[in-house]
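Pasting the structures in now, so scroll down.
Two complexes follow with chain A in common, the first pairing it with chain B and the second with chain C.
== the complex of A and B ==
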């Protein structure tokens, strides 16, 4: 039941929300406006919240100084593959943990979940040695395989399992009577109903892969292979100092697709998380 | 259509035995209702027939085939679930045609069968809707449509009306019965509602604690229950039971003596259970007729009849009278008993004596 708020409470509430919004909105605003400021204006005091003069050449320099289109493509296709791969792995694993009775299912699931507790920094060195032996260093394979079969996928599996657990058993029994085997029940009944959970898995997997930083700097060494977060660190002058406005222009371009995806899909994202029983 | 034969069917979950050797022959085209209290094993038995639960021991035949180890899809059965189990992401038409589609039927055939079933069930205008856009009764009909579209040998219904309100339940009861009359498909129907069982069944199977208590036509069960459990389960309000002994004068319970019907199975001094249905009490307005006095505890006028809770000796009984009765708690009324409608059971209630 929705309680009616008095106008005074409502005003106070909106006021509070505006204040709380500042730490979230200000960095984005600063990034976007600073990307078109001359570098001297970025450090001007008092700070210029609204740019006084505009320098649009920063955006063309982003593409001149680095193979930015190539790096954009790298990030995009890696994120797409990781997203699709994680959706496949986590939906199947989540379904199995939720629906198939096999010995020690819960124990195995707990062990899998424990993987979430291991920081990626701990495993990065052995992973590097493994991929080095396999001749995959300075390729995109580690950035694709590690998230699909590593910790991000574990979280996705957890989300999918929580969804499949709530699916009524009678639906599957009806499908069995209708003549479907286990895999077809999964593909034709369970998976289409899991769209909200899949959507949230897709969004956070995409975000995770898009923002991945440690793994690229460990595994990749040539500019042509870089992904965006790594590329952002390359906009430096001859002395190694950052070219702030160009770097922020590149950061703006990097954040753009993520913002667009989130704005479009935020409803599914929230619904999907609601299904897991998690509150964020 | 086919016979269904259960021979010594048993079910255990580890050491826990839930079904203890059920034998049942269901004839081709028959409508059999499995009824019993919660936990009596009726749904488990139905699910074993469907193939959704394994059979621990015994033989299950559909037609001439032993189907114990067959998958549900290979048993040629269709099932209507309590929650209907319609696929939420498919339209009514897709839901109904899904099993045919999966079995490789061509599109024209699927359309023809779906339209035929929709016509019978009054769903023709709803074929493009999704389950969430339907009322409870409509969903129920779609679930039945999904079952009949395939023309299976046996229909299985698992408490299909329990999610509907009382009024709609009566309507759907009639529709299921009409559907059975039309299709004449062997039907096994599970319910805990004895009214549903009485009104729908050709034969009722009363289950209790994983055992069959009695099998018979509804009125046979009502008129001649095989034991105290069946007597108490079938009929609403349920049969009154008094415990006492057989004496020269009749049946003695506390300080009250009630008339006894002729019975070969009783001996003098034997402790028995004396059963009488609420409608078999009469108000004794004939001065010459033998009567007993009862103290009124509660009068509940229902309009068409009056339900009176009375104290007969030490036991509280319920009587249903056609007459309107005036009186208050503590008043004494004279009643007589319909001696032909009295049921005598052994002291432990396990055997019928008359």
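== the complex of A and C ==
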């Protein structure tokens, strides 16, 4: 399999990959280009792969029809808080499960792992009732607290544990001889070594929070509180039909920044996610 | 000054008869896991108990009544004719998604594992939908799949009249599966690629010397060695497929008819659109049971199918 490929095989492989790429790349291109076409052109036949004229007013409508800046901020700050919070909670728990001996550690680990088995959809009804009683419906608290401490962070804890298990014991023993306490060993020695694992935890936590859809539509009811995924679906006309050009413009504004960050840091993204300890 | 104090404290502790290293470690361990454990109790275990409790009740939100009805919601579950359709749709969706996702991911990983110039660019592009906002991705596909949308436009240029993808039962189901596969297949692709790169090259060389054809090498060497990854990704993909909600809500709202109403979407409708919280809770228990059984079954299969070196 690793022999040098013949030129003909090589051309065939490139050809195959280019064809396969179409459904992965074209939708993003179509989203961006359609968002700057005048409304009369977006369903034109034949389809305009490259816009023939431009209409930028669509983008100003995105901001006129809804408090889009506010919604953008909501999504961004929630995702940032959830990412940082999950990194703290999961690295501490993962470290303890991997390196500290304490009573019932295995039993507790099994209980925590239950979170992997219970998708948040299963508990959405009681969670809604709990937050309703606490007066936190139509606030961002459910979207912040549940991911950081509840089921979604369990996967992160698992990844961190798998990483900390691989650290050599000598590192900690040396630190103990120097009189460092547990917390200092964790913060000064173990954590700095865990940067790759932390990076992948940060990436998938951010994406998870950024994409959350069921929870926002269950918990949030006013436009100023909406997050982006929810806001995108609200650009509808009087009959409830989507205003396509405005939805596409808002979708472009939502998708492009993350895509750009990804292209710049794609090596960390891809390699980070490949090393999440999922290799069995 | 601070250092001296710190040393004194450290020494004091190590001589203290009660705070032995083991005791201090136990305390540290509990403190480290406390946030996660409290979170799991508050946001997973208590809600799981509550959802079971709710499922035994009839809950009328408008009249504000909450009456114990025992197994009545569960009898409703069995008699609910829509539910059969919903479970059928869920099964078709999950099976279609997992088969398509896993085989495409494996194909792409094998392609990306070839020694070709510029392969990293392909890897980046195949992965890119993973980082595109889910609802943004779904909206573009919804736009492309309109009767007069981009896909039918291109088909028409080839002289084919395309269907109204999202408004016909079969094509609606195919559409929601395909949209989801292209969105997330990059994740499995990357995990497979990492597994493929972990297969020792000497094995292939030995096989080549023995004259084994490429296909046989793939079946006899590659597949067994990456089978742990296949198992784990298939568990994650199946559980993930049961959680799909946004795509259905945006593309088809479960329609036409009930053809794309998967269990989570049905649960959402019953609980949060029709306010049947009791029955919605019963559906949650059903979802939990399905996830638990599938995970358990796959974990059992591990012993028979997965190859371990040791």
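Everything below uses one rule, namely that the second predicted complex is superposed on the first by the 257 of 280 C-alpha atoms of A that agree within 3 Å, B and C clash if a C-alpha of one lies under 4 Å from a C-alpha of the other, contacts with A are read in each partner's own complex, and residues count from 1 in each chain.
By definition in this document, contacts are C-beta pairs under 8 Å (C-beta built on N, C-alpha and C of every residue); 3 or more make two chains touch, one makes a residue touch a chain.
Predicted model only: the values in this text are computed from it and were never measured.
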Touched partner set for A:179, first chain B, second chain C, both or neither: both
Dominant toucher of chain A (residue count), chain B or chain C: C
Contacts of A:131 with chain B and chain C, given as first, second, both or neither: neither
Partner chain(s) touched by A:168 [first = chain B, second = chain C, both, neither]: first
Contacts of A:145 with chain B and chain C, given as first, second, both or neither: second
Set intersection of chain A contacts, chain C complex versus chain B complex: 179
Chain C-facing residues of chain A, complex: 1-5, 10, 13-14, 16-17, 20-21, 23-25, 27-28, 30-31, 34, 42-43, 45-47, 88-90, 92-93, 95-97, 100-103, 105, 108, 111-112, 114-115, 117-130, 145-146, 148-151, 153-154, 157, 179, 181-183, 186, 207, 210-211, 213-214, 217-218, 228-230, 232-233, 242, 244, 247-248, 251-252, 254-255, 258-259, 261-263, 266, 269-270, 273-275, 278-280
Touch list for chain B against partner chain A, complex: 50-52, 71-73, 77-79, 81-83, 85-89, 98-99, 102-103, 146
Parts of chain A lying in touch with chain B, wherever the complex brings them together: 168, 170-171, 173-180, 184, 189, 192-193
Residues of chain C defined as touching chain A within the complex: 7, 10, 22, 24-30, 32-33, 35-40, 42-48, 50-51, 54, 108, 111, 114-116, 122-137, 139-144, 146, 148-150, 153-154, 156-157, 178, 182, 186-187, 190-191, 193-195, 198, 201, 204-205, 208, 214, 217-218, 222, 228-229, 231-233, 236, 239, 242-243, 245-246, 249-250, 264, 267-268, 271-272, 277, 280-281, 284-285, 287-288, 291-292, 295, 306
